[in-house]
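Order as written gives the chain letters A, B, C and D; numbering starts at 1 within each chain.
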């Protein structure tokens, strides 16, 4: 086997799950969710760096893999294996039907493509595919809460795609090619902070960074195990990966923008910590806050890297393994939590499935939860009150209302203080 | 000479007046005939050209032709009138006759 | 053989053959239909012969019996006459085939002699070279036309015919008075001689006034159009076709001829041509609006004729600066209007025969049930609206081009408005032909000959859009529009 | 006279002749009619393919017929024409197959298919027209040929829609006629030439006239291209059967208008000269406004076809926008959108037709869960809709990409905002449909269901949308392949912007 054959494997890793997504195909295969991952696993095992460029494809996009990306790919494969396993054995899982498999495979294909993409356009294409596929997974047989989450996610997705598209246009205007080797460099030379912010906000929306975290929190209340499981890993990690690959790190200093981003990350961390402290009740939600906390951490790192390119060059190698370890841990944790706690807020379930077995399961869950929740409610009514107030802030309908909660107030104050400090410096 | 021509013009005018003024079709047809006669008179009157002893023959030929045409026209007109009268009971044109 | 063809007196055939045929039809009513058709066919062939003749030899002039002007009858044929003869031949063929199917036995014996008589008169009119003979042919044509219009009988037709008769007789007489004055003034009736002798004088003005008034009445130029809609609207459809397509054009032809040869240079005062133009514009707008308001199909088409006549008069103001182009445009419009309007009346006749009525809003799914008639109507409508590719489009294009070059925007706007209104009334009809009428009706079969004759005429009107170059070069044989400029 | 001079005529005739024969066929001769239709479509496709190959290799195809002295009918195959006729002939074949199945057992099919073929003939004529007068001729023919299709159902509503259609198009035709004659009387020629050419030599004293002529021509074409405020007929014309809507929107009428705008700016005035005259700016603003306006109106339609109609109004203006931005890259965007929009929109209309024909669904509010009942149809619909939104890598993305970078290239950054706003609105009116179709639960009974056994619908109804959806996808993914719309667009832009 030579490098070209390896290169073809790259395409297979992407195209194969995409083809399998056709219901007529995957319904005839055993374990389609596992089979779809096989080519990707093969790619991780193939040695060396290789790529495949096809001249007639849109904008001469190409897929490639190198040592750095192999880490990420391995991580992705692991997450998807976990995800597949989490549903494969539960025959009664309502998210195990044909349509769900289709969306699963679409998201998978998008994810693989995003990891393997070697230029902006391919990355953009696949991340869009992944985004909409994920929306499909999220909304499958969902409850009202998840519906809302999915809607928020959809709008974030559309807005993010628009911003990224504009960024792409700027990049295309400045460059001859759109490869990851060229674009950040030339964009750094063009000193386009418009590009920088479009990319950053775009990926921030996709990653659910504070203050665009709303969909993330809400989505954790989904009755479907699968999306919850993937939530903590896939979209967030891919968005961070995107930000890292699109932005001109280590090229030239974007001091002001960098510091702003850094502060944003810090504020996000602060906010997540405060939330974490007030939401100890629901373990699954804690994971949501941890996710937000960690993304805040990454954003801080990114901002720092943008502001001080030389530091970025020195430390960037630590970032990759860190992402991988973090995401894998988080996914595993989610899996464990989710399987042990079933679904958190079963009261709001609006399951449409009429299967008797399902109904029985739901009833049991209801009973368990009611008992559990009632205990909590009776013992700590004050908590309930504050929780309700957070709910309001959570939905972010009136962010500047005076009745804003104290964690929100503190966050605001810190933001103010930081901005003042920055202005003073 | 111009006297006859003027009389011809007069006849023409009277005919025109009658054609427009009277509703009865017979009167209208007669009026047309009067107009025709007026023109014939003009033609004949102007046939005598100054400086020539012999009157011009061409207008005479024209008048004869004209009379033939006028006779046939009148015949057609009268036929039509009779048919119309038989159809409507009146020898008049009226907007109200349309269905 | 070729020499025989070239020397053959086609003009005489053109006049005598229809008259002879008419007499035969009159005498032997049993073979009227056959004789009529044959006569029309051979007359059309003779037009072809004449066309060939003057294409090779140029203008044709023939003194009947060798007498010559002023006493004898001179025949004259140039491109302009040829165009009118050709239009006549085409329409005659179509209408004759149609009539063969349309008229039942009783009417047939009356129709054919009069129609052939009319054809002879028309041909003679287009070939005549002196103004008095023009009067005679005009009068003959008028009488034959009236007889045809009243043919169907019935209150409406007779009233229309009577009105028509009075108007046409009045017009002829007024024209005759003008002729008398001209003869008195210049001692000749030959157009060419008159053109040489005539000079600007009160006599010319008076004669022009009378002749123009008489002919305008006969051409039904607004506001003297009052007689046309009832006459054309209530005559049998093939007769309406003849009247609208040919008879009104004949009097316009005389007016144009005399204007070009005699009056134009003498009274070439812009006021007169402006007046013609104004009346033409008013005719277009008024006729179109009236057509749009009609609820009866045939009346609508008749009003459309009033409007289309207006276009011909728009050429007068334009011709002062660009004679050939403007007149070519007008004649092209006249030619295509003749074909299209005939087709339209015939198609309307089919619908009338088919449904037993011609109420526009009750046309019941004609497109499905009588597709050829609907197609004929639509194609003819294309030419009337001036949509490409059709004869009407070429005519309008030429005229618009002249108007824009001269900066006559008012004329441009009127023409475009006229086109839009025409589209409005034609598509009003077409729209209803697709839908089911509120009161569906029984239908009566329509012979194929009637359907196809209408359709072929309409197709001819459209194909005329592709024949502009040969037609215009034929039209310019003998340079009927003066040599003031080169062909565009 | 050799083969190359005949080929353009043959391409036109290959649809006209079957059309004329079909008019004469009796209603029940289904098989013969189908054979004729398909034969014509296949022959045309073959001839067009031949021509495509020839032009690619530098051959010259031209037919001329003298109409008036100095005024000729010219049919000429250039790269721009070929893009349009290739699209038309492919989509004609597909639409014919679709229409045969769609109209099965409905009355007046001979008439329908006759006019259908004439409509395509006129479109091909528009595409091949080598000068403005030829263009005008076929453009008006197109009006006449589509009118019977719009009123085909023969209802009172259809008649009204037809009258409205005519009111707009005939009026537009009149403006076009004035503009054309005026131009002719100024210049004496109407020939299309790359980069315009003959107009820039006209003296400055005529520039006001030229601006008015430009406005007249654009207004004339704008009626069919449904530029605001001349778009009113399009939503009304939705009463026509689905194949007609598909044809009107994707191939024939709307496209002819947009194509006319392209021709006027590029081959009559020339981009450079038009920019000097200052007419491209207002056109760009008008197009941008139409894009936003159409999308906004689409948001509030519950009738599926009407929503698609407003979407067309919005999308077709991308073409005008690309042309009016007056830069070579934006030009590519505008020109390829001619093809891309056609592929995507025809897919959407086919799907809408399938829903109506199979389940009796006409309204978006009835579409709950339809994806479960008709997965293939809705998959095609999804591709079309995402393409419209501009999601990569579907064709619409490529168009938007070139429009965007083209606008940046000539320093017109505001276009980016328009593009973003339009994408947002597109998403806002397409995604809810998709959401309903895929994620809501289907009702117990569909409004009016036809039984097709185990299949979701009849094959000839299902096959066309899938083919066009795949084409739309391929036009995006394989954008850099030879003979792709993008490559032809680049060839055209090359001709229009750079001196040889």
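One rule holds for everything that comes next: contacts are C-beta pairs under 8 Å (C-beta built on N, C-alpha and C of every residue); 3 or more make two chains touch, one makes a residue touch a chain.
No experiment lies behind these values; they were computed from the predicted model shown.
Trainee: Centre-to-centre on C-alpha atoms, which chain is most distant from chain D?
Mentor: B
Trainee: How many angstrom between the C-alpha centroids of chain C and chain B?
Mentor: That pair's centroid distance is 26 Å.
Trainee: Nearest whole angstrom, what separates the Cα centre of chain A from the Cα centre of chain B?
Mentor: Centres of chain A and chain B (C-alpha means) sit 104 Å apart.
Trainee: Determine the centre-to-centre distance between chain C and chain D, using the mean Cα coordinates as centres, and give it in whole Å.
Mentor: 42
Trainee: I'd like to verify one number: the distance from the centre of chain A to the centre of chain C, where each centre is the average of its C-alpha atoms, in whole angstrom.
Mentor: From the centre of chain A to the centre of chain C is 81 Å.
Trainee: Going by the touch definition at the top, which pairs of chains touch each other?
Mentor: Chain-chain contacts present: A-D, B-C, C-D.
Trainee: Which residues of chain D touch chain C once you look at their complex with the stated criterion?
Mentor: Residues of chain D touching chain C: 23, 65-71, 107-108, 111, 133, 136-137, 140-141, 143-144, 147-148, 151-152, 154-156, 158-159, 162-163, 166-167, 170-171, 173-174, 177-178, 181-182, 184-185.
Trainee: Flag every residue of chain D that touches chain A in the complex, lowest number first.
Mentor: Listed in rising order, the residues are 372, 375, 386, 390-393, 398, 400-401, 404-405, 408-409, 416, 419-420, 423-424, 427, 431, 435, 438-439, 441, 476-482, 484.
Trainee: List the residues on chain A that touch chain D in their complex, please.
Mentor: 23, 55-60, 99, 121, 124-125, 128, 132, 136, 139-140, 154, 158-159, 161-162, 165-166, 168-170, 172-173, 352
Trainee: Tell me, which parts of chain B touch chain C in their complex?
Mentor: Touch list, chain B to chain C: 12, 16, 19, 25, 28, 32, 35-36, 39, 42-43, 46, 49, 56-59, 61-62, 65-66, 69, 72-73, 76-77, 80-81, 83-84, 87-88, 93-94, 97-99.
Trainee: Which part of chain C faces chain D closely enough to touch in the complex?
Mentor: 365, 367-368, 371, 378, 382, 385-389, 394, 396-398, 400-401, 404-405, 412, 416, 419-420, 423-424, 427-428, 430-432, 434-436, 465-466, 468-469, 472, 487-488
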